[in-house]
Each structure stands twice: as structure tokens, then as C-alpha cells.
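Every chain is named by a letter (A, B and C) in the order it is written, and numbering of its residues begins at 1.
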Amino acid sequence: MAYSAEALAKLVRGTYSGPAGLEISTASRIETAGEGSVTFLANPRYFTLFEETAASLVIVPEDFTSDVVKPIIRAKNPYYAFALVLQHIYPPPRLVETGIHETAIIGTGTVLGKNVAIGPYAVIGSNCEVGDNTVLFPFTVIADGARVGADCVIHSHVSVRELVRIGDRVIIHDGTVIGSDGFGFAPEGGVYHKIPQVGTVIIGDDVEIGANTTIDRATMGETVIEQGVKLDNLIQVAHNCRIGEHSVIAAQTGLSGSTMVGKNARIGGQVGFAGHMRIGENVIIAAQSGVSKDVPDGVMVSGTPALPHRSGMRIQAAVRQLPDLLKEFKQLKERIAQLEADKREK
Amino acid sequence: MAYSAEALAKLVRGTYSGPAGLEISTASRIETAGEGSVTFLANPRYFTLFEETAASLVIVPEDFTSDVVKPIIRAKNPYYAFALVLQHIYPPPRLVETGIHETAIIGTGTVLGKNVAIGPYAVIGSNCEVGDNTVLFPFTVIADGARVGADCVIHSHVSVRELVRIGDRVIIHDGTVIGSDGFGFAPEGGVYHKIPQVGTVIIGDDVEIGANTTIDRATMGETVIEQGVKLDNLIQVAHNCRIGEHSVIAAQTGLSGSTMVGKNARIGGQVGFAGHMRIGENVIIAAQSGVSKDVPDGVMVSGTPALPHRSGMRIQAAVRQLPDLLKEFKQLKERIAQLEADKREK
Amino acid sequence: MAYSAEALAKLVRGTYSGPAGLEISTASRIETAGEGSVTFLANPRYFTLFEETAASLVIVPEDFTSDVVKPIIRAKNPYYAFALVLQHIYPPPRLVETGIHETAIIGTGTVLGKNVAIGPYAVIGSNCEVGDNTVLFPFTVIADGARVGADCVIHSHVSVRELVRIGDRVIIHDGTVIGSDGFGFAPEGGVYHKIPQVGTVIIGDDVEIGANTTIDRATMGETVIEQGVKLDNLIQVAHNCRIGEHSVIAAQTGLSGSTMVGKNARIGGQVGFAGHMRIGENVIIAAQSGVSKDVPDGVMVSGTPALPHRSGMRIQAAVRQLPDLLKEFKQLKERIAQLEADKREK
């Protein structure tokens, strides 16, 4: 299929500059793009690739300049523009047929929306709700009383446990578990006694959750993932956490119980949060940090224990000088001893 | 449903003090508790919430005092008492019907106990054993020769691999894998050759394992999780490890091969253990530690490499002063140079 | 079953020294080996166990010496030799019957090789390919257009997503996800917009992947796991990564997007890699490292941020002396002040 450069420019609200009637057949990364490809440049670090690329069309920032003349689309946000182009050129394949597969099992009192695609061997419990156009891949479990909104895509082997509520346009990747029991035990008599986890999980609209991530239900009340949040793979969200809207968290990060993250957070991979932390809005947390104190609004932290990024970097730089410091320190001690000896001699 | 305050006091072996005939309908966290709720206070840090809470009944420590008079139950261990109340008010729902679902597949020579609940699309291999009252959720796999005890709950998508033995009253959450091959390869000729993992996994009574955790089978012999152990989500237990009874391990922690943890350990999240470590009894290991040396009985360690917590904290505090130290050090060098110059002048 | 010591020596191309006709019935670890067992010694640290072991036969290095005389097989690489013995004594059980289980669902246009074993409730999409002798355990999903080679073993609950290509002799353990969407979003207007992940994953021959690991598909192009790579459990491989041939990675390590690892890497557990890293060939990365800079060929790094291991160790040792240094530093300042005071008095 072919897409005209002018039409793509219109799609992304950009300005096309190049020969009329240019046709594009595919989208590629700039390093591997060939004839017929559209690609993009957003990061100035990669601007030098503009000259080299064999792409037929490049989406560039509005103020981009180059000595080389190539077909371009100027756009305010080239990365977002490229996302729109990809969405246009590669509409998601419907991998599960509309309708209810004959092997799917659906409990009593469950209400399914219009145009759902319930795949082979999906199991939906009693008194559930599944919204319009939602797709369930094979081996998904929607347990009793759970609700999945409209236009959702739930991939294979996902468990949505009892009473969990999921909003609209939510994507959950394979193997993820929503609503497993929180990790709560009362020690007594040398033995741990289970605290029944009688709360649930609420997931807002437009959330995407990666593969093999686990989100525990609340002990009482709710674990909440607010609208627009994006969670990567293998993340742990413990009972009674709340993640504020439009926050993004990279893979293998773990939140201990009752930690609250404000909206618009950007959290790296393999970060650990102690329990009951209060993380402000618009916070940035570097990968592998260990957050054991509250983080105020708008601050960037890094390291273990996590400190404001500037202090953290200064400390890290200082640590690297430490072996040299120890050597110098020894010399200094000798010089002082010499000065003291000289004094005594007099 | 309503529960009398007096009856709840009796249930938890506590002492009720408040109006006769007080009735409770629900249990809540102290921050959100309303009219008709029972809640609890165990941590003195939160005692100030006693005055504010709208709960109708609060379980408090035996020596708790307040100027405010409210209905209370005094209990020796309020957290445990509250666990008992929750277990009483919210008995676990039976989400899988008793009996064997018609879509379950059960191999030859397999023996099922009384009153089991084998859910839709459960697959049990040949020569397995499943004890009385045990519940298997959809898509569980119990592979050939495996044994699951009585009164267990095995959630959806759990794999219990061949020959694994699981005790009684064990709970395993969704997606967890018990008995995958240990990670063992012999390098030869620039290539890694698989060491067949011919051992198995033994899980004791009263163990609870979170979601998407992985426990590898032994190369030879057994990987052992002793009775009463509680494992959180996304934990890795490598081949030939042994975790001593009544130990608790938080999410995303990983044990390398042949590491032994003594009983009553309390291990935080995202901890890493090198292989062949010997961890004593009653050990505490702080979150995100990297344990590369044996830990003796009763010690608390933290940091990477993990050190006794006191030294670790002193080092951490010292590191934070390092940028200032470097500055001061520079000044000191100048003062010494000055002293030396003065001496030469004389 | 019994195996003659001479035959085992021949199998491993070693030299047997002991009584003729010695028969072995089982293989064990040296600590637990009894009468009738073969075991091995490779690490000089454990050579003292030679005298103590009750094993009937020990595979030892060619230059091994001991005052004690026991039946031995001298082999160039005893660990590899023992792997061969284990493979011989314990051929893998065929846990899934050859043929296609009646409950398996197979889409149109899909081609299955000879002698495949497609287990109960396996779901294979349309236009897939499954090679000769490959075994699919229950609840595997091979999505539309995916290809799995010959002689593969795909364990329960594995998701092989659409268009993924897997080589020959690949083993994938339970719950692993190959081809979930990469974590890519374009921020615009305070909201994250999904970048369609239209690439795929390619897995080479002789790769083994542990349980509950996740390998994301490329945004465009391919995420590549080259031949002979061994990945442990709970590993995260992000979109567009490439892991070079015969590299091994331990559990819970995470690679961010577009990171490239050269061949023959040995990477510990819980390591984190920033995105777009270039890791050379024959690199060793210690457990829990945080790799935020490229690593050249043949280097060993450790720590966070990861540094050449020697510097890292020197820094770590220096850090441990820091509390003492601070004390000494204070004394030094006093001595200098004293020297300065003395000077002024004169």
C-alpha cells in the first residue's frame, strides 16, 4: 500500500516540503530506512544521520536546518507525528475474531458488550462485565465480579482477579496478574498469619500494562492505577499503592505497600520504593534508585538511598576520587608529622 | 451482616470496653474507617489517629491509653487480632465450584482427594496426587508425578512441574512456576551445554507464594521451601536453594543457586544473593541489599555488598559528607603547604 | 538401570582408573552422593571432598592427585563430562504425547512438522510453522504468523506473539512471553501516545530461556537473541535489543531499549542496562551492576555506575574505610591548627 507524503503531512499537521506526488510504502528507523520509507528525527544528537539516511521522507522538528535537501515534513513534535504515521500505516491486526469462541466459558450474570472478541479458552466468571469492542486473547481469566471496560485488549494468560475494575481503552500484555493478594501477614507465636486481602484494584482509562507485571489487590480499599499510566514489564505494585495519572514506570521497578506516586511521574527501571512513601507530582526517579524517603513535587532523585540528583551525582563523583584521596591523605599525614618533628627539634 | 463487639473481643481473646450491644458491619483501615467499622492500632506512630477516626470500634494494644473515650478492644497483638476479625468477617469466597469441571484433563493413575474443586481447563498429569479440599483455578498445570497436599489453593496459570511435592494449606498465586529447570550449563568448545536438571522442588505446609514467582528445581536433589515460608511476587529462587521455616521474603528478591537461608529470616524486596551463601537464623536483610558473604545468626545487614546494618549506615552517612570532605581536604593541603613554605623561609 | 564405569569413561572421552566391571546406578552431588553414585569435582576449592565422599566413582580433572585411591574418571572438563553423564542416565521424559491433542486449536495455513507433540489446550494461530519433533506443553500460545523451529520444547503458559521467529533446539520455560509490545510512547499534550510496535523478535538456534522472562518485540525491525544464548528467569529484554551468541544472563537482569550485547558475555543477576548501550564481546558484568556507559571488549565491570572491576573493588574498599578516615581527618585538622598556632606565638 502507498501513502502520499502530502497526506501524511496533513495527518500529523505538519508541513511537507519535497516533490509533489511522493509516495511512501513503509516506516523505518533512520539507521535502517531505505527507499520508500518514512522516518523521523527528534533528538539533535542524531541530526547528523539526516545526510546519511536512505529514507525517502524524514519528519523533522519545525526549526530543523540542513545543507542537504531531502523530502521532509516539519512537525511540532516529530516523535508524536511518527507515532501517528505508524498508527496509520500499521493498524493493529485483529488477532482474535469478533464473537465468542465456542471454547470460551462465561459465568452466569455476566454482561458482554457489543462487538467483543472473546478468544479460545478465555474464562469469564459470574457477574462480570466486558465493554464494547474489547478483545480477550486465549487463556485470559476474568474472575467473578470483575469489570473490564470498552475497547480494551487483554493478552494471553492475563489474570484479572475477582472484583477488579478496569477502565476503557486499557491494554494488558501477556501473563500479567491484576488483583493477586497483597503480602500481608501478622506474626504471632512464631508463625505468620494471613491478613485476608479483601480490597481490590482499580485501573483507569487509557492505561497500558506490560507483560508478567503483578498488581496486588488492597488489604482493604483499593490499589489504584490512575488514567493514562503506562507500566512496563515485570513491575511489582503492592497492596494499597496509588499511581497518579499519566505516570510512566519502566521494567522491574517495585513499589512496596501503600506507596503513593503523584501524577506525571517518570520512573526508571529496577527502582525500589519502601512502603508508605509519598512521591510528589512531576517527579523523575533514575533507574535502580532506592527510594526510602518522600520525594517532593518536581524533584529528580537518584541513587540508593535516593537523593536529589545533583547531590547524588556530586557524591558519586567524589566516591570515584576516594582511592586517590586515601593515598594523598597518607602523604599529608607524613608531611604534618615532619612539620611537628621539625618543631620539636628546635 | 452484623457482628457484636463483645463476640469479636471473644474471638480475638481481647477485652471489650464500650456500650453493650454495639454492632459492627465492616472492617476498614483507620484512615478511611466510618460508622459501623472496626479497625486497629498497632504502631505507636499512628496512635494520634485514634482521636480522629470515625471507626465505631478500635482494636488497641493492652497498654494503650487516650484522653478520648471510644469503644475499644484491648488485645495482646492488635494486628493479629485484626487478622482474625478479617478472617471472620470475610471468609474466602469459593471461586471454583466443588467437583471436577468437565473441561479439566486428568491423567491416568492420578488420585484426587475428597471435596476438591478442579476448575475449568485445569490440566493434571499422570500419577499425580491432589489432597482433600484443594482448589485448582483455571489453567493450572500439575505435571506428571507431582503432588499437591490438602486444603491448598492454586490460582490461575500456575505451573507445578513434574515430580514437585507441595504440602498442605499452601497458597500459590497466579502465574507462578514451581520446578522450572535450574540455570546450569557446562561451557565446552565455546558453547554452553545443558546440565540436565534432574532434581525437584519440595514445598512445606502453610507456605504462601505470590504471583509470577519462579522456583527452579534442583540440579540433583531438592530445592526446598520449608513450612510457613511466605514469598511475595516476582521472586527468583534458583536450583538447590533452601529457605528455612517461617521466613518471609519481599517482592523481586533473587537467590542464586545453592543458597541456604535459615529459619525466621526477614528479607526485603529486590535483594540479591550470590550463590552458595549460608544465611543464619533470625536474620534481617534490608531491601535492595547485595549479599555476597555468609550472614551469621541474628544479624541485620544492608547495602551492596551487604554489611552489618550499623556499619552500613555509618558508611552511608560518611559517603554523604564526602563532597564537603574533598573541599576541606583541598584547604588543608594549602595550609600545610603554607606551613612548609614558612619553615623554608626561616 | 546400571551403567558401567568403563562405558561412562568412553562416553566422556575420559580415562577410567578403578576396578573392572564397576557399575553405577545414579548421579549425585558430591556432598550427598552414596554407594552406586557417580559424581564430579571441577573446582579445586572442593577437592577436599574427594576423601569424604561416599560416591562410587568421581569424575576429576586430568591432573588431579590425591593420597586416597578411589575409582575415578580423568576428563579434560569434568563439569562438561558430568553433563554428558547426566544426559545419558536421565534422558528427558516425554511429558507430552506425540501427536496433536484433541483440545489443541490450530489455525488455517499453519504447517506442523513430523513427530510434533502438541499438548492439551495449546493454541496455534494461522499461518504458523512448527518444526519436526517440537513439543508444546499445555496452554502455549503460538500467535498468527509465528515460526517455531525443530526439536524445540515450549513449556506451559508460554506466549509466542505474532510473527516471532524461533530457531531450532530452543527451550522456553513456563510463563515466558516472547514478542510483547516494546515500551514506547510519545508524550504530547500531557498524555502518552502509543508508538505501535510493528517489529518482531528473532531467536536463534540452541537458545534456552527461563521462566516468566519477557522479551519485547522491536518498535521497527527486530529484537534479536542470537544462537546459543542462555537466559535465566524473570529477565527483561526491551525492544530492539540484540544479545550476541553464546552469552549467558542470570535472573532478574533487565536490558533497556536498543542495548546491544556482544557475543560470549557473562552477565550476573539483577543487572540493569540503560538504553542504547554498546557492550563488547567477552564481557563480564557482575551481579547488580548498573551499566550506564558502553563496555569495551573483554572488560569486567561491576557496581553502579558500573566501572572496570579493579577500580570498582578499590573504590568499594576505600568506601569501607571512610568512617575511620573522617575521624582521622578531624585529628589532622587539629594538629595543623596547633602547628599554625605555634607559629603565630613565635
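Annotations for the structure displayed:
Everything below uses one rule, namely that a residue touches a chain if its C-beta (ideal position, glycine included) is under 8 Å from a C-beta of that chain, and two chains touch if they have at least 3 such contacts.
Source: prediction; values computed, not measured.
At the interface between subunit A and subunit B, two copies of one sequence, fewer than half of the residue numbers in use are shared by both copies. One copy, subunit A, sits rotated relative to the other, subunit C; on C-alpha atoms the angle is 120 degrees to the nearest 5. Separation between the centroids of subunit A and subunit B, computed from CA atoms only, is 26 Å. Multi-chain contact residues of subunit A (touching two or more other chains): 121, 139, 157, 175, 212, 234, 252, 270, 319, 322, 325, 329, 332, 336, 339. The touching residues of subunit A, when paired with subunit C in their complex, are 27-29, 32, 77, 79-80, 82-84, 86-87, 90, 92-93, 95, 103, 120-121, 137-139, 155-157, 171, 173-175, 206, 208, 210-212, 228, 230, 232-234, 246, 248, 250-252, 264, 269-270, 287-288, 316, 319-320, 322-323, 325-326, 329, 332-333, 336, 339-340, 343. Per the touch definition, subunit C reaches subunit A in the complex via residues 105, 121, 123, 125, 139, 141, 143-144, 157, 159, 161-162, 175, 177, 180-181, 183, 185-188, 190-196, 198, 212-214, 216, 219-221, 234, 236, 238, 240, 252, 254, 256, 270, 272, 274, 290, 304-305, 307, 311, 314-315, 317-319, 321-322, 325, 328-329, 332, 335-336, 339, 342.
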